[in-house]
Amino acid sequence: MFDFSLTPELAALRERTLAFVRDVVIPAEKDFPAYDVQSPEEIKAMADRLEVLRVQAREAGLFAPHVVKEWGGMGLNMREMAIVFEEAGHSLLGPLVLNCSAPDEGNMHLLEVVASEEQKERYLRPLVAGEIRSCFAMTEPAPGAGSDPALLKTYAKRERGGWVINGTKWYTSGADGAAFAICMALTDHDSASDESKQAVKRSQATMFLVDTTNPGFRIVRHVPSMDVNFFGGHCEVVFEDCFVTDDAVLGEVGKGFQYAQVRLAPARLTHCMRWLGVAQRSMEMAIHYANARESFGQRLGQHQMVGSMLADSAMEIHAARLMIWHAAWLLDNGEQARQETSMTKVYVAETVNRVVDRAVQICGASGISEDLPLSLFYRSVRAFRIYDGPSEVHRAVIAHRILKQYAE
Amino acid sequence: MFDFSLTPELAALRERTLAFVRDVVIPAEKDFPAYDVQSPEEIKAMADRLEVLRVQAREAGLFAPHVVKEWGGMGLNMREMAIVFEEAGHSLLGPLVLNCSAPDEGNMHLLEVVASEEQKERYLRPLVAGEIRSCFAMTEPAPGAGSDPALLKTYAKRERGGWVINGTKWYTSGADGAAFAICMALTDHDSASDESKQAVKRSQATMFLVDTTNPGFRIVRHVPSMDVNFFGGHCEVVFEDCFVTDDAVLGEVGKGFQYAQVRLAPARLTHCMRWLGVAQRSMEMAIHYANARESFGQRLGQHQMVGSMLADSAMEIHAARLMIWHAAWLLDNGEQARQETSMTKVYVAETVNRVVDRAVQICGASGISEDLPLSLFYRSVRAFRIYDGPSEVHRAVIAHRILKQYAE
Amino acid sequence: MFDFSLTPELAALRERTLAFVRDVVIPAEKDFPAYDVQSPEEIKAMADRLEVLRVQAREAGLFAPHVVKEWGGMGLNMREMAIVFEEAGHSLLGPLVLNCSAPDEGNMHLLEVVASEEQKERYLRPLVAGEIRSCFAMTEPAPGAGSDPALLKTYAKRERGGWVINGTKWYTSGADGAAFAICMALTDHDSASDESKQAVKRSQATMFLVDTTNPGFRIVRHVPSMDVNFFGGHCEVVFEDCFVTDDAVLGEVGKGFQYAQVRLAPARLTHCMRWLGVAQRSMEMAIHYANARESFGQRLGQHQMVGSMLADSAMEIHAARLMIWHAAWLLDNGEQARQETSMTKVYVAETVNRVVDRAVQICGASGISEDLPLSLFYRSVRAFRIYDGPSEVHRAVIAHRILKQYAE
Amino acid sequence: MFDFSLTPELAALRERTLAFVRDVVIPAEKDFPAYDVQSPEEIKAMADRLEVLRVQAREAGLFAPHVVKEWGGMGLNMREMAIVFEEAGHSLLGPLVLNCSAPDEGNMHLLEVVASEEQKERYLRPLVAGEIRSCFAMTEPAPGAGSDPALLKTYAKRERGGWVINGTKWYTSGADGAAFAICMALTDHDSASDESKQAVKRSQATMFLVDTTNPGFRIVRHVPSMDVNFFGGHCEVVFEDCFVTDDAVLGEVGKGFQYAQVRLAPARLTHCMRWLGVAQRSMEMAIHYANARESFGQRLGQHQMVGSMLADSAMEIHAARLMIWHAAWLLDNGEQARQETSMTKVYVAETVNRVVDRAVQICGASGISEDLPLSLFYRSVRAFRIYDGPSEVHRAVIAHRILKQYAE
C-alpha cells in the first residue's frame, strides 16, 4: 500500500548526508570558485583539494553511494539514492565530493551493468575509489548527434584487428583530466566480430572504452558554457584515427543505442535528484533573505508577491520530489519507467529553473550578484532543460506514447 | 520505506469503481442534463432518477465509501478514498451516485467526528443511507464571511432556553431539498451554556444542526453559477429568528472554527480527488479526439503543439495525483497536514483547470460545444480555484508557514 | 511619424459610444438574459426588443459604423472602428445594437468588396439597415473543414442551369432567423461558367448566396455552446440538393478561398476589437470589487496578489490595444497585414481569456455566480481562442512566415 | 490620428544604425570578451579599443543620439531614440560605442535638465564627447536603499562650509574609471543652505557631483554579477568623510528624490529600447539556427514546438516595441507617463528574458555554450527584471494607481 515513510536507517542517512554537506561541503565552496580549470597544474590542484574533502566523505561513510558494495560503493537502491543525492545536491560540489556526480556516476552504472569483469577491474574499481575520472563522448556538434541520436557521425571502422574511430564530439563533460572515455560510434554489419554479426544491422552503434592517453584522442578545447561548474570542462574532443583493440568494446558490438538507454534512464533521474537539491537550497536562501530584509515598512516575505513566489516554489519542489520518488520506486521494481522518467525529467528541470529564478528575483541585487551562489545556480541549471534530451523532445516522446497507448 | 503500490484489494476496488462509472454512471449522464433543478417536482424527479443508480451502486458495493462501517459506509481510509473518489470523479454524477459528493461527504465526516450519538442516529445514519441530503451554511455574501472567516456575521443569540439564529448565507450548496443544514454562527460568552462558558471567548463561533423545515430557515434563491451541476443548487439562505433548542448544537458551543478545520482539511483533499477524475477524463477525451481527427495532412495528435499540451496534462495530473496520495497518507497517519493539504489544493485546482482548458482547445469546435462534456467541465472546475479558499489565500498561508518555519 | 493621438472627432465619437453603451446598452442587458433563443416566436420577440435599442443607436448616430456611407453606414476606417468597436464591446449586446456584430459585420464587408450591385441592393442594403440578419456557412463538422479549410466537403455541382449544393455545416452562427447564408462549397473546373473556366483549378471553392427560405436549406439544431450569447445560435445546417441559380454566385466561381481571406483578415481584427471591450469591462469590474470588498483587515485590492493580477491585466490590455491599432493602421494603408493580424488575433484572444479569468478570481464567489456578467464572459470568450483559427494554427503560420522570411 | 509610420529621415537613420551595428560593432564583439576589467591598465586598454569604434560612430553621425545638439549630441526625441537605441542594442557593445549606454546616458539627461551651466561645461560636455565616463551612486547594500529608496542611509552633513558625505553604495555601475559620480545622500533641513532652507523637509535627499579623485571616494570592489558586460563594473563604493563644496550640489538641496524621477522615467524607457535590441537579435539567431539545423528528419524550425516558441517571441517583441513607442510618444508630448513607463518596463524586461530564454532553448547545446552570445545575453538580461525597480515593485505601484484612479 502506498506509503511515504523513510526507514529509520534511511532517515538517519539523510540526516548524516545533510550534516556533511552543511558542515563540510558548503564551507568549502569558497575554495572552489570554479571547477572548469584548464591547465594540467590547475586540474591537479583542484583534484588535490577535492581529495581532502573526499577523505572526509569516505570517513563519514558517504562515498559512491550508488555503486554495489562489491565494487566499493554503498549499495543504495534508487529510492535511497533519491534521498542521498538530493541532500548532496544542495551544493554543486556535493556530488563531486561524494563521487556521485555526472558523468562518472552514470558511467559507473553503465560499467556495472554492461562491462566485462576485466573492464570492471580496470575502469570501474578505480572510478568508484575516486582514483580516476571518466567521460562520456556521445553528443556531437551540428550536423551530428544532438537531441536526435540518429544523426551520429562518429564512425568506428573494423581494421588492423581492432577498430579505428574517427569523429568529433562536444559537451564531453569532464574530459579534461579523465582517464578514459566511453565513446559512442557507428559500426556496421561488416565490421562486427563474427559472433555478433548476426544481430547487427547497418547504422547501429557501439560503445568503446578509450583511454585518454590514446594518441588518437585529443581535447580540442573546453567549450565555454553557462554550466561552468564542471570539473574537467565540457570539452570538444576529436577521435582521429583512434585505434583500439577488441577488448575496448563495451558489451557487444551494435548495442550502443541500447546501452545508452541503460545509462540514460537512471542517469536522467539521478540528475533530477541532484538538481532538486539545488532548488531546495535556492528556495531556502530566498526564505532567509525574505525573513531578514525589510522594504516598504515590512519584512520582504510579508509582501504577498514574494510570498506567492515562495509558495509556488514549495509546491513545485514538493511535486518534483514525489515524481522522483515514484520513478525511483518503479526502477527499483524492475520497470523501465521510460514514460515516468521522461515526465520527471521535464518537470524537475523546469521546476528547478523556475525555483532558482524566483530565488534570484527575491534576493534582488544580491541575487544577481555572486555574493550568493544563486547567480551561479541560475546559469548552471539552465543547461538542465537541454541535457539528456531537451524538454521539447521529451514532450514529443511523452505525447507519442500517450497517443499510442490510447489508440490501442 | 516509500512505496507506490496498491494492495491487490484496492487495485480490485479501483477496477470495480472504474467499471461501474464507465458502464453505469457515464451512460446515465445524458439523463441528468442539469442537476440544479428548482421546483419541488423536479427535485423529487431528479432524486428518483438518482436512486435508480444508487441502487446499483449499493449492489456493486460502492456506496458511502468514506464512512465507517458502523454507520453504514465502506470504511475506507484516506488513501483508499483517493483511489475510489478519483475514479468516481470521472463523471460529475459519479460521486453523487456513490454518495460521496460534496457537501454531504464532508458533513458525514464532521458528524462522525463531532456529533452526539443521538445526532448521529438522527442525521448521520439516513445521510449515509442516501435517504436524505444536507448542506453546510458557512459562506456569506459581502461583507460577510468569504475567504476570510473572521468576517462571519450570522449570529446565534441565547434566548428562550435555546438559540435564535439570524443571518444570510449563500453558496449553501445542495440546500434546496436538503433535510438539514449545518449552520455556522457567532456565539458569545454570555450565551454559552454554563458548562462551556469557561472556555468560550467572545467572537467565537458555534455550529448548529438546523432542520430545513424550521420556519426560521428560508431559501431565497438558487445563486446562478458556473458550477451548474450541483443537486440542490448553490443557494442563498436566510436564517430569520430561527429558533433551535440546545440539542441542535453540534459538538460544543464556541468550537465552530475548530470544527470547520475538522471538516475542511479532509474535505479539501476529497475535493481534489474527485476533481482529479474530471481532469483525467478530460485528458482522455482529448487524446481520443487527437487520435481520430485529421488536419493539415496528419492526425491532430501528431501536431507537436497538440502533443505538447497532452504531455503537460499528463505530467501535471501525475504530479497532482502523487500530491493527493501523499497528503492522504499523512492524514491516515494522524497528521493534520495543513501545509500539505493547502499545497495540494492549490496545485490540483489549478492543474484541473489547465487540463480541462487544454482538452477544450484540442477538441476545438467540439470542445466549446456541449456535444462533449468538456464545456460543462470547463465551467464547473473554474469554481474549484475559489471553493475552500481561493488559491491566493492558500498561497499566502503557505508562504506564512514557510517563513515562520525557517525563522525559527 | 508615429503618433498615438486620436483626432478630436474620434475622441468625441469614443465618448459618445462609451456613453451610449453605459447609459443605454448595459442597463438593457438584464432584458436579454440569453440571445440564443430557438422558437420563431422568441426569435421574433428578441428581434423586437433589439430593435428598440437600435432605434436609439440610429438616433445617436451609432449604427453600422464599418459600412461605407453609400450603403448606409458610418464609413469608419479600421482605426476608427478600433475605437468604436472596443467601446461597443463593453457589452456582449453592444455590437448587436450597433449592428456591427459577427457574423453580419464581416458579411457586410465581404458583400461590399465582392458582391455585384444587384446583390448589394438585395442583401447588403437591408443588412446594413438592420432589417435582416445573415450567416456564414463555412465550418463543417469532422471530418470536414475546421481549422484546415482544405478539408472542405460541401460540394456545389453544375446542374439544371444553376448549382446544386450538398453538405453539412456547423457553427453557422446566427443562422436561425437569418435571411440568407453565404455558403462555401467546392466547385470544380467543369462546373465553372465558360468565362471563368480558364482560371479555375480543380478542388477550388466558390461562395454562394443562399436564401434561408430555399427548400434545400435546413437548420438541424442549435449546437449548444459555451458562447451562448449569440442571436440566431451556432447552428448545424444542412444543404440538401439545394438548387441556386447563377446569380447566387458571390463574386467569381472558384475564388471562394480568396474571398475568405478578404473576409477573414479584417474580421479577425474586428473580433479582437469587440472582445477587447469585454476584457476592459471585466478588469474594471474587478477593480471596483477590489476597491469595495474587505478581507483580512484591508481592502481586497491592497493584497498584492490581487494587485498583481490587476497590473498584469492592465499591461496586457494595453499591449493588446496597441497591437490592434497597429494592425488597423496597416489595413488602412492597404497592407494585407496577415502576419500582424495573426499575431494580434492570438495575443488578444489569449489576453482576453486571461483578463476575464483574473476578474473572476478576484471577484471570488461573485465571480463564479451570474450576479455579475463575468461568468457569462468567461464562457463566451473561451471560444475566441478557437474561432477564426485556433491559437495553435496561427502560431504555426506565424512561425512559418518568420522562418521563410529569414531564410531568404 | 494614430499612425505607426516613421519619417523617411528616421527610417534612413534606422537603416544607418542597423548597418553600423552589423558591419562595425558586431564584428568587434570578439575583441571585447568582457567589459568588466579591473586593473587600471586593462580599463585603459578597453577604453582605447572602444575609442577606435567610437571614432567610426562619430564619422557615421551616430554619437550621443539622445543629447541636444547644443551640448554635442544628435538631438533626438524619445521616439527617435526608440528606433536608434533598439538597433544599437542588437549588441551589448552598441550603446557603448554610440555613447548612449547606461549609466552615462541617464546621467547626461539628468545633467541636461538639472545642472548649472558651469556643471554642464565641466561634466556634461566631456561626457557627451566620450572623453570621460560617469556613474550614479544610489543603490545601497542591505539594509540601505534598494527597491525602497526610503531606506537611504548615505548622509551628507553640512560642515566646513560645504558637505561631508558618508555611506556605502553598491551596484554603482561603471564606477571604476569614471571621472565623477552622482551621489544620492540624505540631507536635512539644518544642513540646507540658507536659500533653500525654506523648502527642505527632514529626511529629504540631495544629489552631489563627486569627482572620483576626491580622497573621500573609494571603490571597494567590483561586485561580481550576472550582468558581466559592464564597462567599469558594478562597484561597491564608499564615501568616507567625503568633503565637497556647495557647487557640488546638483540642482537644489533636498530635491534628490524628485531628480531621481527626472532621471528614471526616461532612463527606464531607454533601458527598454536597448534591451529590446538584445531580444530581437536573440530571436533572429534562433531563427537562423532553426532554419539551418536538422533533427528527426526535418529542419528544426518545422518542429511545431520550436515554431511555437518563435511565434511567441515575435508576438511579444512586437507588443513590447509598441509599448515603448507609445510611452516615448507620451514623453515627447510632455507627459510624465509614469504608469505607462512602469508597465512598459515590466513587460519589456520580462519579454526580453523570455525571448532570450527561448533562443537558448532552440539553439540547444550551442545556446548554453558561449560560441553564440546567447549565453552572455541570458545572464545579462536577468538583471533587467531587477534594475530600475523589480517587476514586483512596479506591479504594486501600477495596481495602486489603477485602484486609486477608479476609486475616484
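Chains here go by letter, A, B, C and D, matching the order in which they are written, and residues are numbered from 1 within each.
One rule holds in what follows: contacts are C-beta pairs under 8 Å (C-beta built on N, C-alpha and C of every residue); 3 or more make two chains touch, one makes a residue touch a chain.
What you see is a predicted model; the values in this text were computed from it and never measured.
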Tell me which of B-C and C-D has more C-beta pairs in contact.
-> C-D
Please identify which chain has its centre, taken as the mean of its CA atoms, farthest from the centre of subunit B.
-> D
Whole-Å distance, subunit B centre to subunit D centre, using C-alpha means?
-> 53
Interchain centroid distance [CA atoms averaged], subunit B/subunit C, Å | 39
Quick one: report the Å distance separating subunit C from subunit D, using the average Cα coordinate of each chain.
-> 43
Going by the touch rule set out above, which residues of subunit B reach two or more other chains?
-> 303-306, 308, 392, 395-396
For the complex, which residues does subunit D have touching subunit C?
-> 1-7, 10, 79, 284, 287-288, 290-291, 299, 301-302, 304, 306-308, 310-312, 314-315, 318-320, 322-323, 325-326, 329-330, 340, 343, 346-347, 392, 394-396, 398-400, 402-403, 406-407
The answer for subunit A against subunit D in the complex is residues 139, 141-143, 146-148, 150-151, 170-171, 223-227, 234, 292-296, 303, 305-306, 360-361, 364-371, 375, 378-379, 382-383, 385-386, 390-392, 395-396
Using the touch rule from the top, collect the residues of subunit C that touch subunit A in their complex.
-> 303-305, 308
